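Below you'll find the structures, each written out as structure tokens.
The same subunit A turns up in both complexes below, where it pairs with subunit B and then with subunit C.
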Partner chain A sequence: MRFVRTMLAVMAATMLAVVPVQAQEKTGVKPGFTLQPGTARIVLLRPSIRVGAQSTAGMFEPNADWTQQARENIGRALAKAQGQLGNTVVDYVEPVGADAAALAEYQALFDAVAQSVIEFQFFPGNRLPTKKRKDQFAWSLGADVARLPGLSGADYALFVTTEDHFGSTGRKVLQVFAALARVPVTAGVHKGFAGLVDLHTGELVWLNADLQMGGDVREADGADKRVRQLLEGFPGRPAAATVVASAGR
Partner chain B sequence: MIVRRLMAAMLAATAVAGAGSAAEKVPPLPPYVAAYEPTNVDERGAWMIADEDERRLRDSADVMRDPALNAFVRGVLCRTVGEDRCKGVRLYIVHVPAFNATMRPNGMMTIWSGALLRLRSEAELGAVLGHEFGHFELRHGLADFRNRRSGTDLMAWASVLVANSAAFQVDMVGGFYAFDRAQEKAADMIGVRYLAASHYPSHAAADIWDRMMGEADATAIGRHRKPDQRYAAGFFASHPTNLARATYLRSAAAELPDADGSAGVDGYRAAIAPWLPMLLDDQIRLNDFGGSEYLLGQLAVGGWATPLLFARAELYRMRGHPRDLVSAAGFYQEAIARGDAGAEAYRGLGLALMRSQQVEPAKTALREYLRRKPDANDASIIATLVAS
Partner chain C sequence: MRLRSLFLPLAAVALACGVPAAAGNKLVVAGQRIAVAKSAMTVLPTSEWNRLGARPGRAAETWTLDGDALNDLTFYGGIESGRPLFREVSRKTKPLPTVSTTMLVTDIPALLENSYRIALGTASMTIGTIEPATFAGAKGVHFTYSFVRQDDTLRRRGEGRGAMIGGRLYLITYEAPALYYYDRSAAAARQVAESAQL
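And then the complex of A and B:
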């Protein structure tokens, strides 16, 4: 219980001051990296998906039904997007036992690296001294990622994470009253990121992150839109598809 | 003003609800439902998050998976809360050297390795696990979530509508912690009920907190602070104080009819014995000389076994005052004299003697270490010490 308590306490302390920071850059690609259509086999790891509501004060209220709908819709949308990626995408079969522990560590590592990219690369004013060179994108999970079981025939791993807190009615009413009192209150959190890891070298070759995403993942159309936004700037996609995706934004 | 009066009324209502769940009398056990499924949106959401977290914990490298140890701990849980109830729980032993156990709404229970080091009997382990099971059975996670949500909602409205709401906000935050403490007390009370219904003696629950106070005092003294046991909990305290818990658990145990069964001291000691060196090694790295020394003294009540002597020697050598090195060398020698000490005892003895300027005896001990463990990962640096 102590963990949950601490988390809730921190949330309670911060929620009134939450002002989402707008990322100045959303996409990073390793310089010179291109993915020719039809040349690579991409493995999709189990997407991390959380959907729920946002209480009046801003607490996340997880919703199991919405999350389940989003999981199905995003899965379908990702399968549909395969054509646009120009390469085969297969679902990763999760290992059991000791291998599962290794996979869990790599998923946690990917999350940590992705968060670091968002924080220390996508905000130009916040770049680490070693990441300041122009057009630089040097991030890696380490070459050992290829040793995960079931990845021997694959070239790239695709990670997808989305989190949605839909503003409740109470939150929206509070927003109006707060606006009258000249207090900025936001309703809703919709963030997500997707990344592509080269399984031969462990390098992160592409990352797309957006803290204010569109598309209602609880519905099929919305999930299509969300997946289009998640895969925006994907290095392997044909030029035409990129145009369509940007237009659909 | 109306708003403020409304707030005060709601605040009073919350406080009453919190106090209500902390009844002084020991409540009877609630009826049990097998294979419970969450019913409403909030509860299903809480289970979903807990399920996702459990996927991660299940695969975590920090979980101790030894089948014998897991079977033992699980056996104690089942004997405490009953065979039917314990089926709803997945129990994970997590390698963290602190005294804690946790429960999630979906039935994911953890107990930390530091708790295994500090408990003395199956009955005490049952008291801790029964407390956590109480959180699950009483659906505390859900109630706490709702309490925080409605409370923070009120705070958000107050911050917008009420001109000077600081005092109200402080009251509400205090209310969250008071609610948590009431839940912990309710879990303690149901835990002691399980213990009384099992064949374990129910006073074990209070015994734990007596020793926890002793350890906290020893830690404080070791760190040159004043030992401070209070009855009233602080503003931000998530749990009642150890003194309060020891007191009300002791009187609850006296009130309850108790079976005449054994506390299972020997069974507990035998089950933990293979893990004792590792648990002690974790403990002495916590930089808590006073607390560790107290703990070792408690463990050695029946006599100083070799792992205890070795751990005590390491503890003194790590603090490293000249007098500590003399004590440490003595403890290493005692451990070696018992005949079943590991090669590391010779290593520690050698290093302690070396720093006490007793170079030749030190080299003899270090040579013995290298002879017993030629492939040790510090073999080359120890060899240079011997050669110097």
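And then the complex of A and C:
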């Protein structure tokens, strides 16, 4: 009897510990931000895509073929979705030389900001005290982001990042053994961030970010699903398109 | 038996990585002198900060404004001789350099550089300027540095102020992405570091 009681207490404690993870938020919008359809010009930056395997120890091993497949698939899926976002979304004209490095660094900064939003905003229990007040969502890349070549005349820049680590066989075996020992080991990482940055202020006005997204980006269908998830709730999108998108999930 | 000896450390590592660290991020209020890094070192911030619940080491603590990836003000409060700056991932395979009583102030930047090279797996850590400075009332050093973490393209800048006092290392570092974030809170971080007392 005592054993049963102990077990129940342990189970209850485990459930309590799991709840905050499930309650994690995935979307953030700057308070007061709205975008009317047909009012803004948005530049879609070249998505940053990395695909590879996750070794048994959890290390990332990049795979060039998978990355190439994912680039093509996500590119196609984004091109399809682009016309249904309610505003003019144009592809970014690639810079060359030093400007390309500047773009890459801004993409890296966007990733760091998105990770910080997940860690310190989307996990309510881990929120920073100075950011807890009045429902705020105050994150920025700095106003200088608008100085990147090719962004003049645009109102917003849309950043898209995906990173997939497919669990190797060894990792999956470890996961099974670890589960037997009640140790949580994840096999695979499927990160996806999509963020809209106001080019007049550098502020992040909308972000969709999750560390466990759906859709196998190496396949066309999977890439469609991933892009739907990334752009879910995109501001300024006509209601009909949103319904179609969520019905297809 | 052998499997078990292999499995237990793995399980421990998985637990440590898989479960988010106990939060407990606390507000650091402006205008109040406060002891940092479980040590006798105190600072007087003139603006608000957040103290992260997760500490980089036993005698260290981190303050931030937007998360430690975007602005990181870390205090090392009296690291004893024979101890590394922060927690070692593996003492066997990745041992970190340790503080020594006989260290000169000019050895402080080298200690940070070598610790980062090992802990962050970064090959691109460079020390910029090194100059003498008064820190917490003692003869110390002020230095700048920059680095890129492994598997990352984001360049980060940093600066440190430290001194050896009573055979222990006291050090305050501030670092942030070179783009936008570094300049944005550098003045606030400098103010905190310059207010350090023992």
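The rule is simple: the second predicted complex is superposed on the first by the 201 of 249 C-alpha atoms of A that agree within 3 Å, B and C clash if a C-alpha of one lies under 4 Å from a C-alpha of the other, contacts with A are read in each partner's own complex, and residues count from 1 in each chain.
Please note the rule applied: a residue touches a chain if its C-beta (ideal position, glycine included) is under 8 Å from a C-beta of that chain, and two chains touch if they have at least 3 such contacts.
The structure displayed is predicted, hence computed values, not measured ones.
Peer 1: For A:Ser116, select first, second, both or neither according to whether it touches subunit B, subunit C, the two together, or no partner.
Peer 2: In the superposed model, A:Ser116 contacts subunit C only, not subunit B.
Peer 1: Once chain A of both complexes is superposed, is A:Leu174 in touch with subunit B (first), subunit C (second), both, or neither?
Peer 2: Both partners.
Peer 1: According to the stated criteria, A:Val183 is in contact with first (subunit B), second (subunit C), both, or neither; which is it?
Peer 2: In the superposition, A:Val183 touches subunit B and subunit C alike.
Peer 1: Looking at the overlay, does A:Pro129 come into contact with subunit B only (first), subunit C only (second), both, or neither?
Peer 2: In the superposition, A:Pro129 contacts subunit C only.
Peer 1: Can A:Leu103 be said to touch subunit B (first), subunit C (second), both, or neither?
Peer 2: A:Leu103: touches subunit B, not subunit C.
Peer 1: On the A-aligned overlay, A:Ser55 touches which partner chain: subunit B = first, subunit C = second, or both, or neither?
Peer 2: first
Peer 1: What is the contact status of A:Gly142 with respect to subunit B (first) and subunit C (second): first, second, both, or neither?
Peer 2: Only subunit C; A:Gly142 stays clear of subunit B.
Peer 1: Could you tell me if A:Thr88 is touching subunit B, subunit C, both of them or neither one (first, second, both, neither)?
Peer 2: In the superposition, A:Thr88 contacts neither subunit B nor subunit C.
Peer 1: Contact-wise, after the overlay, does A:Gln36 reach subunit B, subunit C, both or neither (first, second, both, neither)?
Peer 2: Neither partner.
Peer 1: Which subunit A residues come up in both lists, the one for subunit B and the one for subunit C?
Peer 2: The answer is residues 58, 104-105, 108, 174, 177-178, 181, 183 of subunit A.
Peer 1: Which residues, counting only subunit C, touch subunit A once they are in their complex?
Peer 2: Subunit C residues touching subunit A: 7, 10-11, 14-15, 17-20, 23, 25-27, 48-50, 64-67, 69-70, 151-155, 177, 179-181, 184.
Peer 1: Enumerate the contact residues on subunit A facing subunit C in the complex.
Peer 2: 17, 21, 58, 60, 104-109, 111-113, 115-116, 119-120, 123, 125-131, 139-142, 144, 174, 177-178, 181, 183-186, 202
Peer 1: Which part of subunit B faces subunit A closely enough to touch in the complex?
Peer 2: By the definition above, subunit B touches subunit A via 38, 41-42, 44-49, 52, 56, 58-61, 100, 102-104, 135, 140-141, 144-145, 148-149, 151-153, 155-157, 159-161, 173, 176, 180, 183-184, 238.
Peer 1: Enumerate the contact residues on subunit A facing subunit B in the complex.
Peer 2: 1-5, 8-9, 12, 15-16, 48, 50, 52, 55-59, 61-65, 67, 100-101, 103-105, 108, 170, 174, 177-178, 181, 183
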